[in-house]
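Order as written gives the chain letters A, B, C and D; numbering starts at 1 within each chain.
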């Protein structure tokens, strides 16, 4: 049986999610590989040590370059601040490691391109952490669309909203800067929506867009004044798909009450599919079938008929959670490393996602249609 | 007590709604005016006669010009096909009648401008049939926004969708033509959304847009072939408001499963308000107040605390229906005729709505930002 | 064409609803009868006069016995306090009038029996004001159940809740007394639920029950002390139906947040139907049909396919309101007076409803199974 | 640091859930104990071996008595068919092991009593697998009720429904027998509802009840005929609580469309709390506070403010799943073993739950009020 040695860099929100995912992919999904939690990296090193004990990693380090030299490590999980992704990913690929990197891919399109080039050159397996596409409800939606359950998809609408930057009194932070955060709502949230959208609608031909900084400045935490917010709180775009369909997307990090909104609807010539992330175990479908008096949106609760839900629970409607999506993601990555089908999106596909969010930012800044031509 | 003689032209969907509204405005809302249902006009005249008996009108005619000559008539309700609005409204105003005209105002911006000019010249009361702004839930939302319940409004999103043109097999009709229908989804549906949006967000500064004909041709009903669809099935726009807020709107007449969607959300600096027309007796509000652990969207069911709901029913949660909105509209019109506050939107304000939907159509056709400058 | 002279006693909540219903039954539903609003009765007489002008009645009186002597009156609407129903209804029937009486039928079972006997003796048309059974969504549900859409109905659950007596600080009133109000939550609310239940499930064989006075005393409005609450705030029952099905019902007038809850679900051997009155234009159905992966509750929005919705509005999803149900009720009564099918529930069927709510009260008081044997 | 050796008996639905829980309690919740997955038991032994490799257990056995003799084992997880719980739990306790046993506790009240006596005699830590009480939303509800957020709780309603026995064509199985399954819907589902109810409402004083076998016989799988169903498909009860509150509960295993319904509402003198398990990350609360025009049910999405949600994810609204509840359960058990507060419900409290479901069954069979007197 394949044995995979894992190093994980970062122990925050996504670091913990990766740790859970690596530790449970085989337990829950029965992947045919032994996963060894070899090395956990964070700073300070003491934290790495404490978390290694908690997460079940064999060893800890405070120096990420140590990871690259460790012969026991086959794959590196990168969950550090986004500005570090490029350097770490490129180095890990150069050192012959497979790479699982959190989204957004990088701060700039140039960085993302460098990462994609490195992946191509290295020929290793790469994967970006777009966990929402792993939801069995979303996978089922893709299957339904592909099977023609709603006819030909002709229109798409999507929204991805949270409220972590809604409070006008919130202190200024690195999130507000181009240098440390890159894009704003598009980078944090918009890319997730794009990842789901591409699977449902295919590539984008062109788009127009606008964006908005709601809070022009924010108070400095030390009370010494205010500093400028450099990246967008909201972004909106209207898209044309290569298929001829049209659609619109919007993202906000300042939308009070939205905690994890990632909602979308696919309009087809024979029906519609609607999804809401805050009710992530439900999928709604309307089909123009049967007597009009009995038509309506049908709310499907995910269950064992929606793989791989059944690996988590044999009873329908019992609900998966956000960390479960990451376990599925890890399992797909392991499958790819084991020679199975590639996991989506690798750095090539991930670059396509970056191109779209940067196209939205560019179109918003220039007030002109941005043509992607389906390259993304 | 004021006595108002009413003539109604048209006995279809909106004709009946006007008949119900005129007959019940005093009964339900206690307006201080006697309403006399004088004259009902439709073709053929026999239908007018039959419906006059059913609706409770004293007399019937098959010739709409008769209406203008009838000395008992003070106000004319126009619910005919949209292409007839201009001629009838201008004539009625010229004859010194008040005019209640269904939306959209006219087929073209030129027609709408002519109507607005006629109204200004005549100095009579005019009103356009934007019934959704009369919903006590929507009125309450405007009151909440104005009172700062969600802080400063900074973002808006709205959708207006139906599915009456979703079926690819549906026969070609006048609805598909510029000549008879004018705009497509924007004219039928989009203007309703704009009417609600303006009350919540104030005037529009500029916008970008796109639109789409999903079904390029439709089969002729007689089986003799197919004919072209000339107007949009969907339209999407991203707006900048004069206030500095931003937003997006979308309309579709081909959205399977949507029967009367007119949903919107206002993002404020301190909260959010959300509304869905298919649950028209509910309003949702999120406010950043109290412990974070207990925050959430609150679903308010309309009741007597949301005037004029109480005039329909003294018990909350018992639900108003679509025709009730028209009764409120009639009551506001009667109030305006009686010298009370003007009813909104008169032909002046209605022209502003037309300017926005035509700006969306224009921006979509030209792929360039369209500046309204707040004129609408 | 038949011409029907109407007298209406009472101008409160239900008085106004009857006035609206009588005035619009023909206008909206096209019933083949002229309805003359002859006489409006209330005290003081001045109020009757003012409301007659508003409601459109020809004449007014402060003495309800005047109604019985008026030769122009064919049918009497009784919307007075429940304690007056028996005397007025019996007198009106004895005077040869048809009677439309609000629910609950009477304060006591003896009173209801006397009314039923009077109706039988008089041979006139009677109807009780159970408007919720007129909802096109509910009618559609009955049709679906009868057509076997969910197989054989085997279980029922229903709840009818409001919060008008939830506040502990609310002043004591006539509602708290057996003498003036009779039963509590069962009389106000429970009977509505029973009216809907019977149409879906058929007659009740027997039941067990319990009830509860939440607020044993209430403060007197004049501050002089507290007085006892004599009737139930909540009641719950478990029923066996003659069909062999089983079920449970519960009613509360002290359920905070419930404004007009009248929710129920019918469990069948092949599916389930669910309804919630606060979303009265929606019906939910689950059917064990098609692939398990695509099964789910389907939310049907009422529309023209659910008669008589189309008479109110030709477009689906546009929503009926509570007063619209009363218009349908009036139309069915007019149809019965005109010799058409009897309207349900007449005083005979209404007595059956009373027997069930009194059986619940009796079983709750005695702690023993109460056998109805299907008589109700 | 405490080190705990775990043996797990059973590898089915709940066996896997226990395996996931044991393996992740420290990783996710940071409990201060090392958990060693020592021994996995199932039959045939080959399955135990395969699953041990997948689940991460060190060793495997096909003989559960081996577990008791293993010195490395401190605690035994029992997830076998319910009829085996008594024998295994009593033996494990006698052997000095802590015991985590799935619900229902046993097939009969006598068995449950024997288990409770054994636990008392052994003085070891016991816990029953009532995972739904671990939901942060449910915990928050208990906290709100205890803090008086809805005043004094006066009424409760609860429903627990699934549809795994809804299909009339489903083959007869052990589930239909008293000998192998004990109670029907009450044992499978009802006990879960009771576990949640007790935490919200306190002990039960007495109850009345009824139950129903919907499908009297079921076809034998081998086509040789039909066999009788011996236990209830549905059960309903009306309860009086020691506090003076009243309530009702219902359970069905034949409720089409319900996949994991465990819904309840607590009516208080100042508000109401409502929960629905199929949307397990949401809690609804209505409070009689602030202007009536702005009151409504507030939907709270669970987040870090609702411990221990934050240990799974630092961002609100991202959703926990069913297996996460079991991780919380394991962490509480580990805490109890480590000398922290006892985990609820131990075998003593679990016996109380059994007494209530058997009281419901007994009251249904006898048609008489069953008095518990708060013992449960």
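Brief remarks on what is shown
Going forward, a residue touches a chain if its C-beta (ideal position, glycine included) is under 8 Å from a C-beta of that chain, and two chains touch if they have at least 3 such contacts.
Note that the structure is a prediction, hence the values are computed from the model and not measured.
Using the contact threshold fixed earlier, the set of chains in contact with both subunit A and subunit B is C, D.
Each chain's centre was taken as the mean of its CA atoms, and the one lying most distant from subunit A is C. Across the two interfaces under comparison, B-D and C-D, the one joined by more C-beta contacts turns out to be C-D. The distance from the centre of subunit B to the centre of subunit D, each centre being the mean of the chain's C-alpha atoms, comes to 53 Å.
Centre-to-centre separation between subunit A and subunit D, using Cα means, comes to 34 Å. Between the Cα centres of subunit C and subunit D there is a gap of 41 Å.
Contact of a single residue of subunit A with at least two other chains is seen at positions 258, 295-297, 301, 303.
Residues 150-151, 154-155, 157, 159, 166-168, 208-212, 214, 234, 236-238, 240, 246-248, 250, 252, 254-258, 267-272, 286-288, 295-297, 367, 369 of subunit C are the ones that touch subunit D when the two sit in their complex.
Residues 140, 144, 149, 284-285, 291-301, 303, 305-306 of subunit B are the ones touching subunit D in the complex. Listing the residues of subunit A that touch subunit D in their complex gives 12-13, 16-17, 19-20, 23-24, 26-28, 30, 54-56, 162, 164, 258-261, 278-281, 301, 303, 312-324.
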